[in-house]
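In the two complexes below, chain A is the common chain; its partner is chain B in one and chain C in the other.
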Partner chain A sequence: MIFRVIFSTMIVQMKQSFARPMFRFCLLANPMLNTILLYEMYKNSGEENFMAYVVLGAGLMGLWGCICFSSAGDINRERYSGTLSLIFVAPTSFPIIILGKIIGNTLMSLLTLGISLATAKILFGIDLVLESPGYFLIALLASVITFIVISSVIACLLTLSRKTELYMNCIEIPMSLICGFVFPVSVLAPQVRIISYILSPTYAVELMRMAVWGVIDTTLFWEKMSILILLTIIYTLISVFLYKKIDRRVRIAATLEVA
Partner chain B sequence: MIKRFFDQAYLYHKGRRAAFEAEGFVLMQIGYPLITLIFYCLIASYSFKTSNLTNWVIGNAFLLCTNACIFGLGNIFVSERYFGRLRSIIASPCAKLPLILASGVFPAFFAICASVCGLIVGAIVFKVDFTGINLFMVAVTIICAMISATCFGLFLSSLGLISDSMHLILNIVSYLMMIFTGAEFPVSQLPLPGRIISLLMPLTKTIAAMNSLFDGSSTTAMNILFDGSSTTAMNILFAEKSKAFWILLIGELATGLIYALLARTVFEYAERCARKNGKFDLF
Partner chain C sequence: MEKVICVKDLKREYHKKSGLFKKNKNIVKAVDGISFDVYEGEIFGLLGQNGAGKTTTIKMLTTLLAPTSGQCQVLGYKTFGEEKNIRSKINFIFGGEMGVYRRLSARDNLRYFSNLYLIPANLQKERIDNILELVDLKDRADDLVETYSKGMIQRLQIARGLINDPEILFMDEPTVGLDPVGARMLRDIIRKLKAQGKTVLLTTHNLSEVEELCDRVVIINKGKVIYGGTPEEIKGDSLSLEDAYVKLIEEVSE
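Our next item is the complex of A and B:
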């Protein structure tokens, strides 16, 4: 039953998201334009494997953009459409429906990685170079899960605010900066790096980059993977806590509107 | 006439800022643009392996006008339609160019403030050296850049009359500005068609002019199209540094003027179609 609900919600969400011009921009145009921009910036850097920073960087920025402008604002969008209360009182639990929406968005957003790669190949002749494809798949799977969980936390936090649109716009670039989507976090100041290392996408990006270059130190790979899993579990707990808090508040106030 | 122009400009500004909130202003107008500037400067420092980020601080400080000029101005006619004022504007017998230009006065002013702030913050964070720089010329360059960017924004806003996908258009344009203006990497890296497009874009010439002020070289400014050394035809023609600088600024203002006229042309076309078809939208 739960899986059927998640699957149908995913399909509906994918159709709804793709109908929005802003999501289409994030999904299709953003990775292409970012790939061109990053390729030109990295062209004379001496970096030979453009997969690590150009293709992966542009794809991840696109993926994160999709999350910001869709998953993060989905609850608010339901409120605006007047369907939030219907979802909330439906027999299936509210977090399950939201989870289905977020999974749908995140899976569709993975297309940005493919578009980025295709743009790099067609325009600049960059080949797909994956030194450790097996490790890359593991890292990608872990990344998808962590992005789903982090989207869920953000969606909960934004549910409690009336300024969803403002915050959605404000988290796109800062996250790419702090988590080092297009450059290593070692470039950042040590004080900023503390924030980087409490955010799970930082590890997700580092793991994928390691796999692109080839995993030489497997202990380091699994060490980073363990931290990523630990952080993802913590985020999941935060998300569950927030959903419970929202549920309690809604039942006490008897409204799904924010103050 | 002039008083009416500025009254209209003030009314546009008042309308846009009616729902002003300090939190929104601090986050969207100050914090987010500055973080964007730092983000692209950090990419440049890593990819170009340099600690001298003067060119990127300048380029990205200029691009800070994107918020006011592209996203702010680009949605003018979309908002006019939304608030139901479009019919009054199209049906009124007044001249349309002053009306269009009036809406750009305050965004241009805010864009200048944003660029100056960006330049100052960028200079502090990335240690840009202002020693020996002619601040008057810096100020003139910023003003020219923002006038041109504002005219470009007005042209984009007129597209709101013929398209219902302004979000898509404005976001793509903001990226095109990063790619083609020379803010993130030298325009000479682009293939010839790309360099021609870059000349048609606003800000390209002022970014080159500003870079030439800081570089102290006469070759930078005129090598936008003609890659190579100072022996190219353009450099021989405009060997004198200040002459090349002023020509770039005039070129930038001419680009702005062309966009303002294009905005008027699109608007007049939409107006004619509205009168003929009895509806305001061309899509």
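Our next item is the complex of A and C:
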């Protein structure tokens, strides 16, 4: 039954999201534009493998943008369309429904990586090198899971507030910068890097980048993967704790509806 | 008859903050110590002016809102704390055009809510077809809801409210915006539900609807119950229920 709820929620979410022009822009146009921008920035930088920063960077920025504006923004859309209260009081547990929405969005948002890759190939004709495809797939899978868990925490917190749009705009760009989607976090100030390394996407990006360049030091790859898994487990526990809290809190604070 | 809703000295306050730097806290008493019981198979009306506390009461009964204090029980369970025992057995319909997914078809909406209400897959198709026929949406069932008229959206809301075959149906101004044919259709549905032994709690401003449908009503004003009884008892010697209602409201407002 739970899988049917998750699957049907995924399908509903994908249909709903794709019907929105803003989501289509984030999913299709945004990665193309980001790829062009990043290619122009990196073409004289000395970095020869454009896969590492241009394609991956633009794809991840697009992926994160879609997650922010859909997984997080959906809470507000549901609130304004009067369906948030309906799904909240359905016999299915609310976190399961939110999980279905987030999985649907995240899987669809993975298209940004493909679009970014196609843009780089078609527009600039550059050779895109992926040295360790097996490791890349493992890193990508871990990244998808960690993004789903992070989205779940964000969606949960946004259920508590009606200022959802403000918050999702506040987290979109900073997350891309702090987690090093388009440049290595080593260029950031040491104080900022502390934040980078408590955020799991930082490790996800580093692992994918390692796979693009070719994993020479497998110990280092698995070390980073272990940290990523550990952080994802911690976020999952936080998410479970928060959902238990918000179940009471939203009904006390009356934030499920607009008025 | 068994008591299915029990409300005793129920209160709900909203805390509102105003001011940019110096926050002023205002407490709004939306529901201020109301009490009433509803019995199985009854059609029970909750009447009152706009802002009287009807919707807040329904939201507490449907497990959407936590009461500030007092007793609020549905089917013998607390609506805050024991809601898991209640949710699969109730449903609610709020008037207006909210509460449906506009970028899905009516059938997809109902299929999705069937899944959320954990209705077995083998029962879903037949139930959805029957409900679509009941609310007269079968011909447009596969069109996107965003192409529907206001009345059609409201009928879809009604269909959604019936999807889990609820023991108790809560309706908050369900006929607002419905054309006379749609409103009559809804009244027929409510009567059918009563014939099946279901309980309906409804709020409405349409007093002829109350006279026609409700077994008992309570009138709420500024969060307090000011009268309770059958529509005939409220009407008393007045020419109409509306006259009696207006008189009661004016008396307490003086």
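What to note about this one:
Rule of thumb we're sticking to: the second predicted complex is superposed on the first by the 249 of 259 C-alpha atoms of A that agree within 3 Å, B and C clash if a C-alpha of one lies under 4 Å from a C-alpha of the other, contacts with A are read in each partner's own complex, and residues count from 1 in each chain.
As a working rule, contacts are C-beta pairs under 8 Å (C-beta built on N, C-alpha and C of every residue); 3 or more make two chains touch, one makes a residue touch a chain.
Computed from a prediction, not measured in an experiment: that's the story for all the values here.
In the superposition on chain A, A:8 makes contact with chain C only, not with chain B.
In the superposed model, A:254 makes contact with chain C only, not with chain B. Legend: residue contacts after superposition of the two complexes on their common chain; A:218 is shown touching neither chain B nor chain C. When the shared chain is aligned, no partner comes close enough to touch A:226: not chain B, not chain C. In the superposition on chain A, A:184 makes contact with chain B only, not with chain C. By the document's definition of touching, of the two partners only chain B reaches A:21; chain C does not.
By the touch criterion defined above, A:97 lies against chain C but remains apart from chain B after alignment on the C-alpha atoms of chain A. Legend: residue contacts after superposition of the two complexes on their common chain; A:82 is shown touching chain C, with no touch to chain B.
No residue of chain A lies in contact with both chain B in one complex and chain C in the other.
For chain B in complex with chain A, the residues that touch the partner chain are 23-24, 27-28, 31-32, 35-36, 38-39, 42-49, 165, 167-168, 171-172, 175-176, 178-179, 184-185, 189-190. On chain A, the positions that touch chain C within their shared complex are 1, 4-5, 8-9, 12, 15-16, 19-20, 81-83, 85-92, 97, 248, 251-252, 254, 256-257.
If you check the complex, the residues on chain A that touch chain B are 21-22, 24-25, 29-30, 33-34, 36-38, 40-47, 53, 163, 166-167, 169-170, 173-174, 176-177, 182-184, 187-188. Put simply, chain C touches chain A in their complex at residues 14, 62-66, 80, 83-84, 87-88, 92, 94, 96, 98-104, 108, 111-113, 115-118, 121, 160, 164.
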